[in-house]
Amino acid sequence: MKDKKRAIAVPIQSFNKITDEIYSITLYDQLIAGHAHSGQFINVLVPRANDILWRRPFGIHRINADTGTFDIVFKVVGRGTKALTTIKTGDKLDIIGPLGNHFTCPPDINEAIMVAGGLGIAPFPLFIQDTGNKNIQYTLFYGTKSKNQFCSLDFFNTTVDNRFLATEDGSFGAKGFITDSLERYLKGLTAKDGKYIYVCGPTPLLARVKQLAHRFNIRAQVSVETMMACGFGACMGCPVPLEKPAKDGRKYLLACKDGPVFNMEDIVFDE
Amino acid sequence: MSNLEVKIGNLELKNPVTVASGTFGYAEEFADFFDLNLLGGIITKTVTLEPRHGNPPPRIAETSGGMLNSIGLPNVGVQGFITEKMPFLRTLKTKVIVNVAGKVGEEFPEIVRILDDVDGIHAYELNYSCPNVKEGGLSFSANATVAEKLTASVRKATTRPIIAKLTPNVTSISKIGLAVENGGADAVSAVNTFVGMAIDLETKKPKIATITAGYSGPPIKPIALAKVFELCQKISIPVIGIGGIASTTDALEFLVAGATAIQVGTANFYDPCASVKIVQGITGYCRENNIEKISDIIGSLNI
Amino acid sequence: MSNLEVKIGNLELKNPVTVASGTFGYAEEFADFFDLNLLGGIITKTVTLEPRHGNPPPRIAETSGGMLNSIGLPNVGVQGFITEKMPFLRTLKTKVIVNVAGKVGEEFPEIVRILDDVDGIHAYELNYSCPNVKEGGLSFSANATVAEKLTASVRKATTRPIIAKLTPNVTSISKIGLAVENGGADAVSAVNTFVGMAIDLETKKPKIATITAGYSGPPIKPIALAKVFELCQKISIPVIGIGGIASTTDALEFLVAGATAIQVGTANFYDPCASVKIVQGITGYCRENNIEKISDIIGSLNI
Amino acid sequence: MKDKKRAIAVPIQSFNKITDEIYSITLYDQLIAGHAHSGQFINVLVPRANDILWRRPFGIHRINADTGTFDIVFKVVGRGTKALTTIKTGDKLDIIGPLGNHFTCPPDINEAIMVAGGLGIAPFPLFIQDTGNKNIQYTLFYGTKSKNQFCSLDFFNTTVDNRFLATEDGSFGAKGFITDSLERYLKGLTAKDGKYIYVCGPTPLLARVKQLAHRFNIRAQVSVETMMACGFGACMGCPVPLEKPAKDGRKYLLACKDGPVFNMEDIVFDE
């Protein structure tokens, strides 16, 4: 989908604290609810407190085409997300979106291995909604710091075939990094055809998954996060370094315009 | 309707509101958001002789109310610009000002000569002042003799209007302004970004890969306004005001201080319609205050 | 407890947190708010040879996140200072640094000579850089030769440490830094305010009576930090960082960039306890990060 | 009273919109409730929205020594007062105060002629509370732009002897400037001994009252407003020009420290 870009004030249908420091917002926008795909994001003008300059990007988490609404989930990590907690149901939120490209499913896929770290879970409900009509087995690897940091588990209860959870402090699921669970799983796989990894999360997790995908020779798509001043290709502030120059000679692609989803093998993580 | 037209040399703008180089891409990035033809003019991202990749990440950081950038002038080079970007720009019914920069002085007239054969370009802005490139960059407009010579060399290369974009990182911006005026510039634009820096305490690393970077946005407005005022007092060619302009009030302050036109920069990032809102705001202001022509405001500072 | 002591020449401060001239009065204004002896040092409002009335109102204006001021150095003059202000300052158990300025260069050593007979003064800060006085002001530190000579003349007048306070309104602050180092300064402090301006659209008058004014507060921090970093890279004497410091994080960024100490300025106005909170914040930071001595942080930038 | 200066977070006992764009806040602080005098002010750290740097000064309007509370009233005029409307009962407000000097009554006073323009009404309830034990006749001149801009009229109903109200648009009281009513009143006065004018309001009103006080030869005290970066004598940003140099040679006094109350004849209004 090539979307016409738009800055629009959309009604806040509901705003909820869903777990420790994590909130969800349901926004009414027929266009996004009708057309957006997993990996795409919106860029939100947060309330102008705390000397904030830029918008803040958030992935489209889930859509409800019937009600014309969609959800984002976010975690309070700094001044922008803190300011965002002051919104109220009934207000409008000024957003730009849908922005960016999205995850894609190759025709030969039989298993989607989703790997999420923390709020990296954001695109995956929509991923399942997007692709649910295909004959795919869904396997979810989802790790957080601690028990009270998971979100949308209900959704995944009924939609994924396999679920691996881990917490760094061991308060829920396996103790340790979710990539350890992933590694065990990949080791145990007999056939690799038709398996595909989709990953979103903090950079160290992405870098580790890249190693694993390479080692086990499984294709992977990744949704990256970078700082974004604009989100729509105007500032050139969001470069993603490439393993080797693109066909047009570029050494960097732009996370907001050429991404946020990339083929794992194409890009470099600076760790 | 008040008359909002202004003249920069013999370049006529339908209104004084333009957009700053590097903050508006090649205009196409904003075409979905509003009718670009409502703007007084568009200034492109800097074009260089050869294509450039730009600097490694991180290139940007948000500070208290402002931002740092060290993008490093990534662009497809002048030939790529002509084939990839000009076709869209040529469809616009507003003035197209191409911002150019050379790695070395001689490249400025060279790029301008190449562009001079291209239709649909109304003027050049000479980026003498990018603090984020190793080669040249700042130095072109930190030294009056260099700036004058460079301008004179470009003057010989084109009859289209040339606007010298000045760095604020100097002791006396008006000395540089006088130098480029002597060199034959039709106007100056000021200011480019300030050299700034931020540090990530956790990693003890600079927040921008190139250590220092260009500082822009609302926090620079008071300094930019003082520089523009200084230029307006001291030089005879028009001054285009830039620096932290985010609202109609900001824009009018620069006009009152003496700027003939203004550029909206960083504000485009968080509000892609910021520039057109300022066009509307100025229109409304003139109507409400019975101002017949915008030139009645320009330089009207009451001192 | 970590060791927070720092040395500015042979001046020992118990911690690197001091307060900027003109933002802390003569300390007595803040005595009710907290125990002043917790600070590393106190820098007085500028003292001049003769009493001064200061500039007409309006002297101050609030901008987006920052402020403009053109106070014009009102003070009771050096004799008044000795009789009216020193008795209180002498009761303090922290270092007292007297900021002095001359209308003409010769007044600097003259004032310092007068103060040199007075007990309880630990160092002088030479205000070479006030943008808000007609006489001299900026010009003393915008020119390297002038700055060096002036410093040398003060050097001859006293054995107490002298700190040259530099203006940021120059092309190369490190050139001036080198000059005052050569002139015999024990340290530099940077930066003073930036030349800035704001206009009241309704009256079309400048918001400050003197038209341009000095810009300070959080918005100047990124530029100030870049200037301090430049100085630390290029000169050998200690640098005291100033500019928009309002939090512990801000202060630590300056130390990491290489500043030996810092001054809290504008933040004192809205939070009179800002400076002591930073002392506590740095103490806490060192404890949590097992930093034995503050000098391990100074200049620890990871580049 | 020479107060020890203090920056203190005080509980917001109540916060109310009292009329068009005008709000009142009741704050709990025994020290101020017990000791403050009319003309003194507090300097308020408003919620840090809209890139605000400075505190905002407000006069102490009324005190309730029994409950240990005091009121301020304020009008929304810009970004600081706008941000101030986001406070909530039960929160704390960070204030510095009491600051400044106060109105004084000479022993020979028999009539206090209070002149208030708009929010210049702020100090006068406390003025009456301060001086109510003396044998004074209270006359109030109170002008605003329009009907819905008056506040604390209830209080004055029961405390002043004479009341003159005016609005610029004529929607309530006399039409025009309150200084016109004052002029008529002063013209009608037969004896001037023991009469004293107390005035607070916008500068043009002060300048006009100064002329009238001079013309009718009545002593006056004025509470001035200037921009204030600190409010406690540190920034020297609030100079008030003197008609003639003070005893110590000063050409300017400081509104926050030497004021905000001055003898009318001592100071110059720049109009």
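Chains here go by letter, A, B, C and D, matching the order in which they are written, and residues are numbered from 1 within each.
In this section, contacts are C-beta pairs under 8 Å (C-beta built on N, C-alpha and C of every residue); 3 or more make two chains touch, one makes a residue touch a chain.
This is a predicted model, so every value here is computed, not measured.
K.L.:
Provide the C-alpha centroid distance between chain A and chain C, rounded to the nearest whole angstrom.
P.N.:
That pair's centroid distance is 48 Å.
K.L.:
In whole angstrom, what separates the CA-based centres of chain B and chain C?
P.N.:
Centre separation, chain B to chain C: 34 Å.
K.L.:
Go ahead and note the Å separation of the Cα centroids belonging to chain A and chain D.
P.N.:
One centre to the other, that is 56 Å.
K.L.:
Scan chain C for residues touching two or more other chains and write them down.
P.N.:
In chain C, 63-66, 218 touch at least two other chains.
K.L.:
Show the residues in chain A shared as contacts by 2 or more other chains, in ascending order.
P.N.:
51
K.L.:
Taking touching chains as linked, do they make an open path (line), a single closed cycle (ring), a hub with spokes (star), an all-linked set (complete), or other?
P.N.:
ring
K.L.:
Going by the touch definition at the top, which pairs of chains touch each other?
P.N.:
Applying the touch rule to all chain pairs gives A-B, A-D, B-C, C-D.
K.L.:
Which of the residues in chain A come into contact with chain D in the complex?
P.N.:
So the residues of chain A touching chain D come out as 47-51.
K.L.:
Over in the complex, which chain B residues touch chain C? Could you list them?
P.N.:
Where chain B meets chain C, its residues are 63-66, 68, 142, 169-171, 194-199, 201, 203-206, 211-212, 215, 218-223, 225-226, 229, 244, 249, 252-253, 256-257, 300-303.
K.L.:
Can you name the residues of chain D that touch chain C in the complex?
P.N.:
4-7, 45, 51-55, 96, 226-227, 229-230, 232-241, 249-252, 270
K.L.:
What part of chain C is in contact with chain D in the complex they form?
P.N.:
22-25, 29-30, 32-33, 45, 51, 53-54, 56-67, 69, 71, 74, 217-218, 266, 268-273
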